[in-house]
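Okay, so chain A shows up in both of these, paired with chain B first and chain C after.
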Partner chain A sequence: MDKVMSDKKIIALYVLPALVVIMTLVYSPIVMTGYYGLMKWDGIGKMEFIGLANYTRLLSDSMFWQSAYHSFLLAVFSVISLGGYLLISLILAGKIKGANLLRKIYLIPMLLSSVAIAQLWLRIYHPTNGVINSVLTSLGTENIPLWLADPDIVLYSIFIAIIWQYAGFYILIYYAALKNIPESLIEAARIDGATPWQIAYKIKIPLIANVIKVTIVLAVVGSLKYFDLIYVMTNGGPNGASEVMASYMYKQAFRTYDFGYGSAIGFFLLLICLVVTWVIRKLTASEEEIQY
Partner chain B sequence: MKSVIENRKTTLTANKPTLRSSKHSLWQRLTKGMLYAVLILLAIIQIFPLVWLLFFSLKNNQEVFNTPPLSFPTSPKWENYVKVWTEGNIGTYFFNSVWITVVAVVITVLLASFVTFAITRMKWKYKNFVLGLFMVGLMIPVHSTLIPLFSFFVKVNLMDNPLSIILTYIAFNLPLTIMILLGFYYALPREIEEAAIMDGCSIHRMFFKIILPMTAPVMATTAIINMIYNWNEFVFVNTFISSDKYKTLTVGIQNFIGQYSTDWGAIGATLMISILPILLAFFVLSNRIVEGITSGSVKG
Partner chain C sequence: MTKKTYSLIFLCTMFFLLVVTGCSSSEDTSSGSEQGSDSIENVTINFMHLWPAGSSRQQNMIVNEIIEEYQTANPHVKIVQEVLENEQYKTKLQVISASNELPDVGMTWPAGFMEPYVKGNRFTPLDDLLKGGLKESFVAGTTEAYAVDGKTYAFPLELNIVPLYYNKSIFAEYNLEVPETYEDFKHVVKTLVDNNVVPIALGNKDRWTGSLWYMYLADRLGGPEILTNAINRSGTFEDESLVKAAEEVQTLVDMNAFVRGFNGLSNDEGKSEFLNEKAAMYLMGSWELPNFTTNEEIPQEFRDNVGYFKFPTVEGGKGDIDSWVGGPGVGLFVAENSSVKEESKKFVKFFVESWGEQAVVRAGVTPATAVDTTALELPQLYIDVLNDLGRASNMTLFADVQMSAAVAETHLNMIQSLFGNQVTPEDYAKRHEEALAVEGN
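After this line comes the complex of A and B, so read on.
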C-alpha cells in the first residue's frame, strides 16, 4: 500500500503540470518584474541596464505617491467598512427569518464583472441623466455635485461603488463564521444574563477573530491592487484625483511604453502586498496570544 | 450535556413571560422590526441599480431622460437587444467568453485535483513545500506579473492568441481551486483507497474511477467559482488580446459601449447580455456559489 502511494513517477506526473504552469506564469514573472525594474526599456527595443534609477525615480515621483496615497485611503475605507459588514452579519445571524435569501441578494453585485459595474455606476453618477442627480434635481437641489468630475469627491464616489460591489462578499463570510459558533455557548451566556450586545462583543467577535483577520488582509490587499473599476470609470482622473498604484503602473507600461518604470512600480506593489499581509498576520497573531 | 442545556432552555423559555414585562417585549419587537427594516433597505440598495439597468435597457433615450428612473418601460424596446446583438460583435465576444471560460475551468479543476490528490493522499517528502508554493500564489497581485507576462507572450508568439489568456486563467486560479479542494480531500476515508489497491487497482484507475466521482460536489463548487472569475476577467484580455475575433465579453462591451456612448438603451442591453449568464447561474446554483465563496475565503 505505502509503496504504491509513494511512487515517485506518479507523483511527478500528477504534480508537475500544475507546478510548471504556476512557476512559468506566476513565479517567474514576479522575479522578472524586479529585474525589468532595473532596465530602461520600451517593451520592444533593447534593454539598457540603469541600476536602481527607476526605483529612485519612484521615490521622488509625486504622481506615484499621490496614487499610493489613494490606494492607502481605499484600504483604510475598506477596513472601516468591515465594521459595518460585521454589524449587519451579527444582525443577520441572529434569529432572523429569510436570512438566507437576504445574504444571497446582498451577494449579487459581487458576481458581476467590474467592467459592467463600472459602466452601470458611470450612469448612476451621470451629471444630468444619472439616477442620483435626476432624483436630486426633482427634489429641487441646487449645486448638484459632479460625482466623478470633482477631484475632491471622485475617490469617495468610486468607493461607494466598491462598497456596493463587495458588501455581500464580506457579509457572507462573517455570516458563515457566525453560524459556525456552537449554539450552546451563546445559550449558556444568555442564561447567565448577558445582553445581546455583550454576547456579540465578548463571545461572538472573539470567536471569529481569525476570520476577521483574513477579511482585513483581503480588504487591504484587494484595495492595494484595485484596478478594473477605476480604469473604466475615471481612468485615474480627473487630473490624477482617482489614480491608484495599479492604474498608474498600467499607464506607465501600456500607455507611455515605459516598461522599466512600470515594472519598478509593479515590483513595489508586490512588496507592499506581501509586507502588508505579513504585518497584519503578525499583529493579529500577537493579539490572539494575549487573549488566550 | 446536551439534555442539560435543553432542560435549562425550556425552563428559561417557560420563565420568560414572568421575568420580562410586556413593555420589554414591545421594546424587543420594535428593535427587531427596525433591524428588519435595515436589512431589507440594504437588500433594496443592492438590487436597485440592476433593476434600473433592466428598465433602461428596454427604453429609448427619450424615455430614459424624460421619465422617472424607476418607471416601467411603456413599450419594452426589445429591439435594443436585437440591435446590439446583430450590429456589433457581441455574439462573437459572448461565444469567446463561453469557450475560453469552459476550457480554462475544465483544465484548472483537473490539474488542481491531480495536485490535491498527490498532496493529501500520497506519501512524499516535499509535499508541504509544494503546497506552500501554491498557497503563496494567492497573495500575488496580478498587476505585478503583467509586464513580464506580456513580454513572455510576445517572445513565445502567443500575443493575440486565446491560449495566452487560458494559460494565465489556469495559473492564477490554481491556488484558490486547490485550497477549496484540500479540505474535502483530507476528509475522504482512506479505507476506500486501501481496498482498491488490495484489489489490484492502479493509482490512475483509482483516481479517475473512484476519487474523482467522489469529489464531484466540491469540483462543481470550484468550477462555478472559476467560471465567475474567468467570465468577468478584464485586465489580461485587455492586455494580451487585440483583435475583435478573440475578445471576451468584458473587454468587448467596454469597446462597444464607446461607440454607443449616447444610446443608453443599447448600453443597457449590452450590459444585461453580459451579466445575464452569471445571474441565471446564480438563481440555479446559488447554494453552491455561496458555499464556494465562503470555503474559498474563510480557510485562507
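After this line comes the complex of A and C, so read on.
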C-alpha cells in the first residue's frame, strides 16, 4: 500500500475525479460569470461584447455603492457580535448550571431555515400586531418605530435578526474550541491565583486565537455575500434602504433583465471577498502557532 | 502493478462512469420526449404554469380537467405539468430561457414582461390560431397586450380591473356614503381616522400595490392617456397632473389614510387588515373576488359585508369614473424551439376555448374571453364587476407592466419613496424622466 500511495500517477488518479467535479461545478461558473460580465445580455437573446463597460458602470453606480456600504456595515456588525458570541461561549464553557440546556437553546435558531426565521422576525416587527410594538404600545410609548418601513431603521432591524440567526453557529464553534483546551492549564492558572477574567483573557482567548481568526473571515465574507433574510423580509426596500450587494445583483440579473451587469456585480463581489479574506489573514497573521 | 492498484483503477473508473452517466441521464430523458414527436402516436407536451393546488386551488382543478379532457380526445398526446409559485416561476422562466430550454407551453405576463422573450426569439407567433373566430371570442384589446410588432405571441387567460373594495358595516357604523368625488373620499378617510379606524389596507412592500393608487389619481387628474403617453415618451412625467397625482398620494399618507407601516408589509399582510375588518377599504384587482364571494375559508359574515365602488373622480380632473386601471393577467405562450410546436398550438387553442366559462363559474376568474353571464348563476358582486368591465370607457394597463423592466424597477422604488415621504413629487417625476431617458438611448 505504501508503494501505491507514493506513486504519483496513482495520486493523480485519486485526485482527478474530485478535481474534475470542482472544476466543472465551482471554477468554470466563476470564469463564465466573469465572461458574462463583459457582455450586454438580457439573459435571453443574443449576447453583445461590450468590454469593460459593465465594470466601469459599476464604479459609478450610486445604488451599487449604497448596497456595498450596507454590506460593509453588516460585516462590521457581524464582527462586533462575534465578541458577544465569544463572551457567551466563555460563560457556557465555564462550570455553570444548566450549560447544556443553554447551549441547546442557543443552537435552535441554527435548525430553522432562513425563510422560517424571516417569517418569525416579520411577526416580531409587525407594525401593529408585532411583539415589540405591542409591548411598546402597552407601555404607552408614542411614535412607535416602523421597524421595516422606516429607511433609517430597517437595516438595523434586519441586522439584529441576522445576528440572532448565526448566534448558535458561532457559539458552537467557540464552545468546541474552548472545551478543547486542556483542563490542566486552567487548573494551573487557578492555583496560581488567576481570576476567571484573567484566565479567559490571558489563557483561553489566546489559545483559541486561530479559531477566532477563522470565524472573523467567515463572518466578514458571509456578510458581504449575505442575501436570504433580506430578500424575504424587505426585498431590499423601502427604495433600496436595505439593499445589499447580493440582493442588488439578483435584482439586476433577474428583475431588470440585465444579466451582463448582474454577472459583473457577481464577479466584483467575488473579487472583494478574495481581497478582504487576504487582508484579514495578513492583519491577523501571527509569527508562531501556539501549542498546548 | 499490484492487484490492489488494479482494483483502485477499477474503482476510479466506476466513479467516473457514475459522474458521467449521472450528468447525461437528464439529457437522455428530455431528448427521449423530443424524439417522441417524430412518431404520430406519442407526443409529450411540457406545460409549465403557476397555479399550485395549494394557493390557487380552483384554477389548478380546472387546468387538470382541461388537460384530462384534451388527453381523452387526443389519446396520442400526453401533457406533463410543472407547477411553480409566482416568484419562482418568473425566475425559472428566465433561467431556462437563457439556455433555450423553455417548456413547450407556458405562461407569461403581457407587454414589458414578455418583450425580452419575444426579442430573444423564444416565443412563437400564434397569429394563425387567431383566424377562424378565435380572435373575436377575446374581449377587445386583450390580445393586443400580448402583441409585439404586430404579431401576437401569447393568448390571455384573465382580464382584471381594479375596484376599490370597502367594508359596508364599517361604513354604516360611521354613517358614511359611498364617495363619488375625491372630496367625498377624503371626507370618508378623515371621518375614519377621527374614529380611530384605519381607512385603507395597503401592503406596499410589493410596491405595485402603491402604484395602483398613483395610477388612479393620475388617470382621474390627467385623463386616460396621460400615464401611457408619459411612458411611451409622447408625454412627460413632469406633466402638471402627474406631479399633482404624486402630491395627492402624499396628502393621503399625511392624513394617515393607509395602515401603519405599509412600506414594510407585503400585500398579503396588508390584505389581512381588510379581511380582519380592521381597515375599511382595499384597492385591489378583481382576482380577489373569490375571497369576497365564494371562498369558504373566509367567514360568510365578512363576505356579505364587502362591496366595491369605482375610484372617485377628482373635481376639475379629466378622467371619468368608468375608466379603470387593469389589464390582462397571465397568458399562454408556445416556445419557439419546441419540438412539438404544432401539437402545442392545438393544445393552447383548446385550452383558451374551454377556459372562459369554466373560469368564471368555478374559479371566479374574470376571463379574457367574452362570456355570456346571463345564463350563469354567479354571486352578485361578481356580476356587478363583470358588468362594469363591459361598460369600461378605458383600461389603463398596470404601469409596471407597461414599462420595460429597468424603468419599472425605478418606478416601483420611487413609489415606495413617494409613499414614505422621502421624495418630493417633483423629484419623483424627475427620476422617472431620467430612467426613461436612459432607456431611449
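We take it that the second predicted complex is superposed on the first by the 264 of 292 C-alpha atoms of A that agree within 3 Å, B and C clash if a C-alpha of one lies under 4 Å from a C-alpha of the other, contacts with A are read in each partner's own complex, and residues count from 1 in each chain.
As a working rule, a residue touches a chain if its C-beta (ideal position, glycine included) is under 8 Å from a C-beta of that chain, and two chains touch if they have at least 3 such contacts.
Keep in mind that this is a model prediction, so the values were computed, not measured.
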{"item": "Partner chain in contact with A:G43 - chain B first, chain C second, else both or neither", "value": "both"}
{"item": "Which superposed partner A:V211 touches (first chain B, second chain C, both, neither)", "value": "first"}
{"item": "Chain B versus chain C as contact partner of A:Y14, first or second or both or neither", "value": "both"}
{"item": "Touched partner set for A:I108, first chain B, second chain C, both or neither", "value": "first"}
{"item": "Of chain C and chain B, partner touching more chain A residues", "value": "B"}
{"item": "Chain B versus chain C as contact partner of A:K251, first or second or both or neither", "value": "second"}
{"item": "Touching partner for A:F64 - first (chain B), second (chain C), both, neither", "value": "neither"}
{"item": "Touching partner for A:F259 - first (chain B), second (chain C), both, neither", "value": "both"}
{"item": "Doubly contacted chain A residues - partners chain C and chain B", "value": "1, 4, 7, 10, 13-14, 17, 21, 43, 128, 254, 259"}
{"item": "Residues of chain A touching chain B in the complex", "value": "1-2, 4-8, 10-11, 13-15, 17-19, 21-22, 24-30, 32-33, 36, 43, 88, 91-92, 94, 96, 102-116, 119-121, 123-124, 128-129, 131, 134-135, 138, 164, 167-169, 172-173, 176-177, 184, 187-188, 190-191, 211, 214-215, 217-218, 221, 224-225, 227-228, 232, 246, 249-250, 253-254, 259, 262-263, 266-267, 269-270, 273-274, 277"}
{"item": "Residues of chain C defined as touching chain A within the complex", "value": "2, 4-5, 8-9, 12, 15-16, 19, 90-91, 94, 97-98, 116-117, 119-122, 204-205, 207, 259-265, 269, 273, 278, 405-406, 408-409, 413-414, 416-417, 420, 422"}
{"item": "For the chain B and chain A complex, residues of the former touching the latter", "value": "2, 5, 8-9, 12, 35-36, 38-40, 42-43, 45-47, 49-50, 52-53, 56, 64-65, 68-69, 111-112, 114-115, 117-119, 121-124, 130, 133-134, 137, 139-152, 167-168, 170-172, 174-175, 193-194, 197-198, 203-204, 228, 231-235, 239, 249-251, 253-254, 257, 264, 267, 271, 274-275, 278-279, 282, 286, 289-290, 293-294, 297-298, 300"}
{"item": "List of chain A residues in touch with chain C within their complex", "value": "1, 3-4, 7, 10, 13-14, 16-17, 20-21, 42-46, 122, 125-128, 146-149, 151, 154, 234-235, 237-240, 251, 254-259"}
